[in-house]
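My questions will all concern the structure given below.
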Amino acid sequence: MPGKTHPLIAALGFAWLLAGAPSPAGASNHWSEARIPGTSETALVLGRDLDGDGDPDEITIRLEVIEVREEVYPGEFVTFWVFAPEGRGMVSVARVPSPTIRVEEGDRVRIILNNTHYFPHTIHPHGTIHPNAMDGVPDITQAAVKPGEFFAYEFIAKNPGTHFYHCHVQPDVHILMGLVGMLVIEPNRPNNIFTHLVPGAGRMPDLAKAAVEDGYDREYSLVYMDIDARLNRIPAAYKDPREIEKRMHRDYDSTQRRPNIFLLNGRSFPFTLRDTPIEVKAGERVKLRVLNAGARPMKLHTHGHHPTLTHLDGYAVPPGMRYTRDVFDLGAAQRIDLDLRPGNDDKYASGPGVWIMHDHTEQTVTNKGISPGGDITAIVYEGFMGDDGLPKVATSLERFFDPEYYRGNVPVFDPAIFNTTRAEYEYGWPEEEPEGGNFTYPVRDAK
Amino acid sequence: MPGKTHPLIAALGFAWLLAGAPSPAGASNHWSEARIPGTSETALVLGRDLDGDGDPDEITIRLEVIEVREEVYPGEFVTFWVFAPEGRGMVSVARVPSPTIRVEEGDRVRIILNNTHYFPHTIHPHGTIHPNAMDGVPDITQAAVKPGEFFAYEFIAKNPGTHFYHCHVQPDVHILMGLVGMLVIEPNRPNNIFTHLVPGAGRMPDLAKAAVEDGYDREYSLVYMDIDARLNRIPAAYKDPREIEKRMHRDYDSTQRRPNIFLLNGRSFPFTLRDTPIEVKAGERVKLRVLNAGARPMKLHTHGHHPTLTHLDGYAVPPGMRYTRDVFDLGAAQRIDLDLRPGNDDKYASGPGVWIMHDHTEQTVTNKGISPGGDITAIVYEGFMGDDGLPKVATSLERFFDPEYYRGNVPVFDPAIFNTTRAEYEYGWPEEEPEGGNFTYPVRDAK
Amino acid sequence: MPGKTHPLIAALGFAWLLAGAPSPAGASNHWSEARIPGTSETALVLGRDLDGDGDPDEITIRLEVIEVREEVYPGEFVTFWVFAPEGRGMVSVARVPSPTIRVEEGDRVRIILNNTHYFPHTIHPHGTIHPNAMDGVPDITQAAVKPGEFFAYEFIAKNPGTHFYHCHVQPDVHILMGLVGMLVIEPNRPNNIFTHLVPGAGRMPDLAKAAVEDGYDREYSLVYMDIDARLNRIPAAYKDPREIEKRMHRDYDSTQRRPNIFLLNGRSFPFTLRDTPIEVKAGERVKLRVLNAGARPMKLHTHGHHPTLTHLDGYAVPPGMRYTRDVFDLGAAQRIDLDLRPGNDDKYASGPGVWIMHDHTEQTVTNKGISPGGDITAIVYEGFMGDDGLPKVATSLERFFDPEYYRGNVPVFDPAIFNTTRAEYEYGWPEEEPEGGNFTYPVRDAK
């Protein structure tokens, strides 16, 4: 339902929300959920308990569209566009990826997109059952939401599972610019109290009832993205939105893109270890909800651990095909749920320690071609997280926090192995033609 | 069985066809099948009913190799090579992809390749059980069929399912040039009357008995291709076949290809909506046979719908692994059969409307990098197809039918959002250095 | 367990190996295994029978790191780095891929990496259950093993299946340079006598007990790799390891790599047919262990045959999902086990002959863009292997053994079809502008 007036006022027109019920604002007083710092009072509104089972069934979320600039690994600042919970006053609250949204089966969900950006956008709820008019495809199911306008995506949450939401305007650019987030529908249970709006992704602050019933102790949302840094530079480099439109949507050829930055929950290694590790205890069961929000097929590898596949795109796999392996396929927009069983056994887990986890496509564990980087994070057992907020490792991670390392200005090996020092490293190479004659290879774009 | 004489005469030599039976030409009088306009009387010959169950069991198809030039989206004309049903007189009947061939389990199939092209070719029946000599691999199982020669691929159809046929000469070029088609073997049933030769792919004009038994109401064949337009330009640009051979088979490096045109049944959006929509009714069950005839992994997404996988490469998946999801994997040459259940429920379908369907790899839903394009089509419910032959949409598709749009000469957004007009759009931009200094990105090849 | 002294001496420190038992060297006298020619006496040491079931349960393997240069197809010499069994004296024994290592469930495995190379390396046992300290991830679980040092990877083999080992130092380069091999854990069985160290991969010289129990008659290990020849040229072209470090690890941008050589067991077609064919007999069952040691998703196609998937990444798939198809997915680092049933039936096999087998991604069946090439090999039935060590084919493979063919200097088709001769081939082409104006396409790098 589109509009040009303020979303709050427009909301009064949603007849099904008002029939014989207190106002959403009033109803929300019954429920407590920690507000994300900096967000407005209406960024998340929890309404009535419609089925009388002790939890809110009317969920209203207000999102803005914000351009942010984040340091994804030491020295690399990337411009993103994200959906952000409505900010307070002139303040905006934005991070990449867009917030994880969690609702319950049967909930009346309203996601109000307030387009505060200079380009049109929509929200496509990917994987959910919803009316055609709520599908978010510009021109096909609605007009794109212009700058300054808003649109309310309303649907009753039906099919529980791990889903996805993203902009569907010029998706070859807008999805890759960061307008992506995870959308989870939890099975309906009495007194199903959980956090509905989680900034970014990562460890969920609480478990919904069904996850507890299924025997899980923790839950992580993992959102993977791949970025062509050249695309993301455009909106930061030019001022006139017409020029940005021409460069991003007409000149830039997405069919020729080759991503060079690989993100987990908005970070690349080594920041992933600090900002989005997977902390576990032996004997626990950990639910991993994984979303490939990028545009290339991922092959997700868990060192020392063999999770079991439980869901594909939100749907439980038939019991006869819950298979266990160590490299999982995850194509663009696909979601898998994995059952990770930390511990020490002969099949699922190798015992305590720090076990890295990453896409096994080798070039993706680099930062613009310099290794180690990309979406590497670690499964960190209890007792293996250090006081400095980083996993305890065999040597030191210090040099990976030096921006010069990823600028290619630091030898990747200890110069002592070549009987030299870093200061002396660059001297004395023979200036010779390569054997067999000159040849070219893809050289890192250092910018 | 190779030869240089006319296929009709050569056919008389196939002993097993003649033993104690009327000639194929005579037998074909018992069966009626609408001839594809422009094809010869012998393009398709239906022979005897060998098992006496009321349908023809001798199927002879004659194919030529034709170079065609088709407008795949507004303003983009692409040269293809296709297998075409034998034409009448000097006329050829050709379209991309090559025709869908449907036969029945137990049929004696003869596909006669009459090489009317300037390069050698073969036909590899991919996925079928067939004698080694019929495998169509040049040098290994046969000599490639030279220009002016022919070869009869003879086999008894054994394993029912969705299969594939394609040229196996220089396959990195010939497959990608369009020498691909779907080959379906239907399970043997009495009185199994269906159309054997369907131009291109798309909606099947009729259902075989097994599809009816399985509860299907409609059936679609979906053939996906990805094209590097630079390769397809070569045969149109040069006249001497030796020069074309050198450029396509020795200079052009297919290992470095990056496709920039993405086709469903030979069309890109918006022509897909007109030429190959998926029309459905709520409550029906629709069988989708899907073939990835390109060279990259596809991730097929159905908006608002969650089909169930029933077959992989023609073989029924075990009952315990018929899974339901919304993004399906489909690698090069793979086939999947999907059970699509239009309607309005909590699991399989979201209700009536126009729901797009496409590879979710973002760059593939563009035409040479301009969005929307590529292999997007739509699941169109009854009542949602307009009188103009296009689905009824929220706004208008008109601007996507303007070739200037895909030439990059039209702003992708309404200029009014930038407080300007299309006529004034290009004026007044600041001529400034980009912030942070100049940088490059892959720019669209407008040709 | 790292060290700088000689591995043999250091081995004496492994307490659990020595407790109440003869020395490994002594115990190994009980077992006979053909030594790989040129390897040292300690390259493979088979120790005590710990569970008293008639086979060795202490397996010690010593590997060096060697730079080799191999002709992968006619005229193409590629530089690789491999793990090689410890050589004798100054001699090294190296081939690509690194040797297949086979151990038994319950074995005490020690793989001693003796770094004889100029760069640091490690070994990551991929897919096995092992202590965190044995995971081989530099900085995280150990310091990288410097030139001249060694490290012993010790673990008890737990989870039977097809696994993988590779260097984890700068993996975007070291894995692609060839530091990869297959690692098989066989289920524990009495008197389980089989070869533990097999050079490269290919046909296994013997079957372990479990494979016999499962009804197999032969077993093949298939290791696929994809190579960017430009990367592999660097270490051969420069002399100073500092310059090699800078070029390979800092300048070369692996995110922009596009491989142009595709290998099965270290060879490309046509050498694959000679060096690594899959020889079978009708009626047999053949176990294929397949590893994608490259960095791109493979789609493995068996002509005329439909294998059944039995294992994913070493783990048996649930019985209800043992599916049969003809194109199998295999992402980076994934392993699949396939049950191939040569013969002549209506489902699994099409009968005797020479049936090619290859990744169906079309560009991968070329050698730098010239077809046929890449990872094509053949399933060759009994009686179809010729005296020249090549499969009996319909015409001749001779021209593919001419290096000029893959240099692009030989027409791929018989010049006679253009009414000319090879000598006259290049004359008389029109020197004209291409129709529609000039355009570019990716041109083969002939070097």
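Letters A, B and C mark the chains in the order given here, with residues in each chain numbered from 1 onward.
Going forward, a contact is a pair of C-beta atoms (placed from the backbone, for glycine too) under 8 Å apart; a residue touches a chain by one contact, two chains touch by 3 or more.
If you're wondering where the values come from, they're calculated on a predicted model, not measured in any experiment.
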Original post:
Within the chain touch network, how many edges lie on the shortest path between subunit A and subunit C?
Top reply: 1
**OP:** Please state whether the interface between subunit B and subunit C is built from the same residues or different ones, using more than half shared residue numbers as the mark of same.
**Re:** different
Original post:
What is the distance, in whole Å, between the centres of subunit B and subunit C, each centre taken as the mean of its C-alpha atoms?
Top reply: 35
Subject >> Per-residue overlap in subunit A, given as positions that touch at least 2 other chains >> reply: 297, 318, 320-321, 329, 445
Subject >> subunit A-facing residues of subunit C, complex >> reply: 118-120, 124, 126-127, 129-133, 135, 137-144, 146-147, 158-159, 170-173, 175-176, 228, 230-231, 233-234, 236-243, 245-246, 249-257, 295-297, 312-315, 317-321, 329, 331-334, 445, 447
Original post:
Where on subunit B does subunit A make contact in their complex?
Top reply: 258-260, 297, 299, 301, 303-304, 306, 318, 320-327, 329, 345-347, 349-356, 360-366, 368-372, 378, 391, 393-397, 408, 411-415, 417-418, 420, 425-426, 428-430, 432, 434-437, 439-445
